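One chain, subunit A, links the two complexes that follow: it is found with subunit B in the first and with subunit C in the second.
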Partner chain A sequence: MDDDINDILAEFDKRSVPSSTQDLNDLTKQWIAERGAPEVLPYQGPLLERIMERIREQIEIVERETGDLEPNANFRLILIQTELERVKFLVRAYLRARMAKIDKHPLYLINNPSALSHLSDPEKAYLRSHLALLNNHYLSSFLRNFPAQLRRLDDAAGGVSMVEEPDLDSAVFCRVVRVLEEGEELVVKGTDARVELMKGDVVVVRYRAVRKWVLGGEVELI
Partner chain B sequence: MYGDLGLKLVQHAKRTQSLSHLPPYQSELIRAITREVRDLDRDVTETLEPYPNFDPTQDPALATLLLANHICIRRNKRCLLAYHRVRVEKIEEMCWSGSDILEQVQVTKGEGQEGEAGALGAAEGGSVSSLSPEEEEYARQYSDLLAAYKGQWTDIDLTGSLDPPRDLFIDVRVLKDAGEIQTEYGAINLTKNSQFFVRQGDVERLIAQGFLQKLS
Partner chain C sequence: MSLSPLTPAEHLYLTELLPITIIPRVHLPSLPLISGPLPPLRPPHRAHVPLWLALLLKRQKKANIVPPAWLNVDNLERLIKWEQEHPERFTEELPWEWVELGEVLVEGAEDDLVGYAGGGGGVGGGGVEGDIRVLLRTLREVRWSKVREGLRELDSTYLKMNGLGHLEISELRPFAKAVVDNLRHITSSKEEARLREERDEEEEGRRAGRRGRVRGEEDDDDEF
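Up next, the complex of A and B:
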């Protein structure tokens, strides 16, 4: 019974937060998750759209009101600008964290449609052009002098694939934020560890074991 | 011995990782390794010529020879790739941090050409650039790609600092004359050794380029 009331209260609290603050909190969470996860997570298009729209509005206010020498306005401007710098940093760090991963596993991403679908269109375009550039660079630097059958960059001969993949077994810190479905429990592949996850639990675990919940939103990386 | 050169190259790559600048491109070594790969490949083809339908189980000795050659070829290829990859990453890093490598290259080149006219030219002309022509081309293209991608986020400045901002205004000291800059609060003349209290966003580029030093 108590739990029910708490849930209702929590739900209520959530709604009372203004949508702009909620967006900002979401972006912070996404940024942290992106930094923690070994693979590129789904792109938060609508969220970023909304935030960019607000940044533009704020920049307009700043531009309109600079030059106004009234002390109060000036102070307000400084607050807005400080806030602006912080939000900009957040967006920048989020995008850069994604790009770092895109640059790290380009060949894996391009050949893996489900992973590729996590990227935004500009990111896809960047990935393709970057890969083409790299390919060209290797080719003109030395591969062109190689026998034709050895020029590929994605050989899997000898049982070892040349394509580096994100290490889904790396450890992540995460927190359970929503109640998991009945009967769901944490199973770590290759071991017989089984843990029942409760809401609010914080665990360190291989990313692979919580991946589906991270994507589903039940678990957040911290 | 097969693979020795590859090892040398990888050691170069390893060393490059911990250097702040890019050491000269090992074109001699690259050429030698590529040659080794071609020679090995020719060996393989020649060895196989008398046997149109080679069955490894019939002749284990020959099969082993072929395997060894193949592995050497692949190893060399990986070494080359690793070496180039490390350098490419360095180049990309420079593109991101805004230090214009191409400009530096051109400056040194310009000096080299001027020098050639003079008596001391030859020595300087030799150390024109640590990038290979292919790498220069790559740097140019990557800068373009980066600029294009950045263009979609003009309000954010993707190449900006990745340290979370603490204060809107910061103290900076001018290390090199940077001329006059325009800010919302008027023009500031950045002369060497002077000190200013300015908006971080206005001078970020100059800090990255080493004109200003942030004081904490």
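Up next, the complex of A and C:
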């Protein structure tokens, strides 16, 4: 009898999700979204801070309890450390996915205030110093030999900008996780395509067509 | 490459986050994990833990894994039959990460799968466990051949792929993405002309009627 109750309680516990669990789920989703989106998404500052705080707490536990040679305590530490490494992997993967995009479109980001506002302060500092280094390097290695009017890296002469921008029309894979508002439908601009999206639908479509829902959380990139 | 699909290792990471039921063989006090406090393990009470932890316990023979309800010989046989009978659809019964889960569990907890394989008692154990591998593979192939058929439907706008698993999508992603992107480049001049037309019409309408029936779109990135 006791068994059953415990099982039921365990089931029940599973349903009320602690905030820490939610944070980890959220970061996992953000990481995958970042991997799938052509642009840099808004930085999840508070979320990252909470998770970093948890990481610090775990490291403290490990530091406090290492040296305890009792086998059971030892096993406990192995579990804590294994999870710690997994969470660190997630944080790194998230930041690296963002950095890859910062490296790809530095000039676009620096000249576009709304995109720039998606970066954290360290990311902005990285973007600026990386760009400065790159600029100096190009200048000293070959640009100085060019005529002055050809030295710019963000030239837009002749109607063609040399600044590479994220292609917001590139195809993304996504899943509808929340019911869209009444009357909202997927419209691919410039074509006849319009379709109602249901919760649970998995679609491949241009990023631009689902962008507002990705940012709003109704649609999840996969 | 930030836009490449998730790697198999990354899929594995995601799969290992999933909760699974175990029957612990050792006592373990509650554990303060980042993913939330782990309840104390008290054999023989079942517990729900993340898969990575279950696999770790399993490797150390500290627990047995209870396979998910869909992962057994009878059910897999039924699903394969269903998939064959419905060439236009994919079953909604499989979990999102079914390929990954199946593989990880066959790899890491083979004997537990056999134990739940449904009445296959006695010496034939090896055969039953072999069956699960074969069945998982067959199911994958049946579905994959339907995916290949479905790719004909790809065009430059959108395609629904309901019922496919996460890994299955990642596998077809490079191809599907290339097709959609390239088709879009081919039709882009036509689309741009149409967009311009639509915008002109809108302008005119606004000027004429001052009714301001602006479409709800507020994309700040229309830079055609």
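The definition used in the following text is that the second predicted complex is superposed on the first by the 207 of 222 C-alpha atoms of A that agree within 3 Å, B and C clash if a C-alpha of one lies under 4 Å from a C-alpha of the other, contacts with A are read in each partner's own complex, and residues count from 1 in each chain.
Basically, a residue touches a chain if its C-beta (ideal position, glycine included) is under 8 Å from a C-beta of that chain, and two chains touch if they have at least 3 such contacts.
Everything quoted here is computed from the prediction, not taken from an experiment.
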Which of subunit B and subunit C A:Thr66 touches, first, second, both or neither: first
First (subunit B), second (subunit C), both or neither touched by A:Ile55: both
Touch count on subunit A, higher of subunit B and subunit C: C
Subunit B versus subunit C as contact partner of A:Phe89, first or second or both or neither: both
Partner chain(s) touched by A:His130 [first = subunit B, second = subunit C, both, neither]: first
Which superposed partner A:Phe142 touches (first subunit B, second subunit C, both, neither): first
A:Leu109 touches, of subunit B and subunit C: first, second, both or neither? neither
First (subunit B), second (subunit C), both or neither touched by A:Leu180: neither
Residues on subunit A lying within both footprints (that of subunit B and that of subunit C): 55, 78, 82, 86, 89, 93
List of subunit C residues in touch with subunit A within their complex: 1-4, 6, 10, 13-14, 16-17, 19, 28-29, 31-39, 44-48, 52-53, 56, 154, 156-164, 166, 169, 173, 176-177, 180-181, 184, 187, 190-192, 194-195, 198, 217, 219-221
Subunit B residues within the subunit A interface of the complex: 30, 33-34, 37-38, 41, 70-71, 73-74, 77-78, 80-81, 84, 88, 92, 132, 134-135, 137-138, 141-142, 145, 149, 152-153, 155-158, 160-162, 164-165, 167-168, 184, 199-201
In the complex, subunit A residues that touch subunit B: 52, 55-56, 59, 66, 78, 81-82, 85-86, 88-89, 91-93, 95-96, 103, 122, 125-126, 129-130, 133-134, 136-138, 140-142, 145-147, 150, 153, 155, 157-158, 162
Complex contacts: residues of subunit A adjacent to subunit C: 3, 6-7, 10-11, 13-14, 17-18, 20-21, 24, 28, 32, 34-36, 38, 51, 54-55, 57-58, 61, 72, 75-76, 78-80, 82-84, 86-87, 89-90, 93, 97, 100-101, 104, 114, 168-171, 173, 186, 188-191, 193, 195, 200-206, 208-209, 211-212, 222
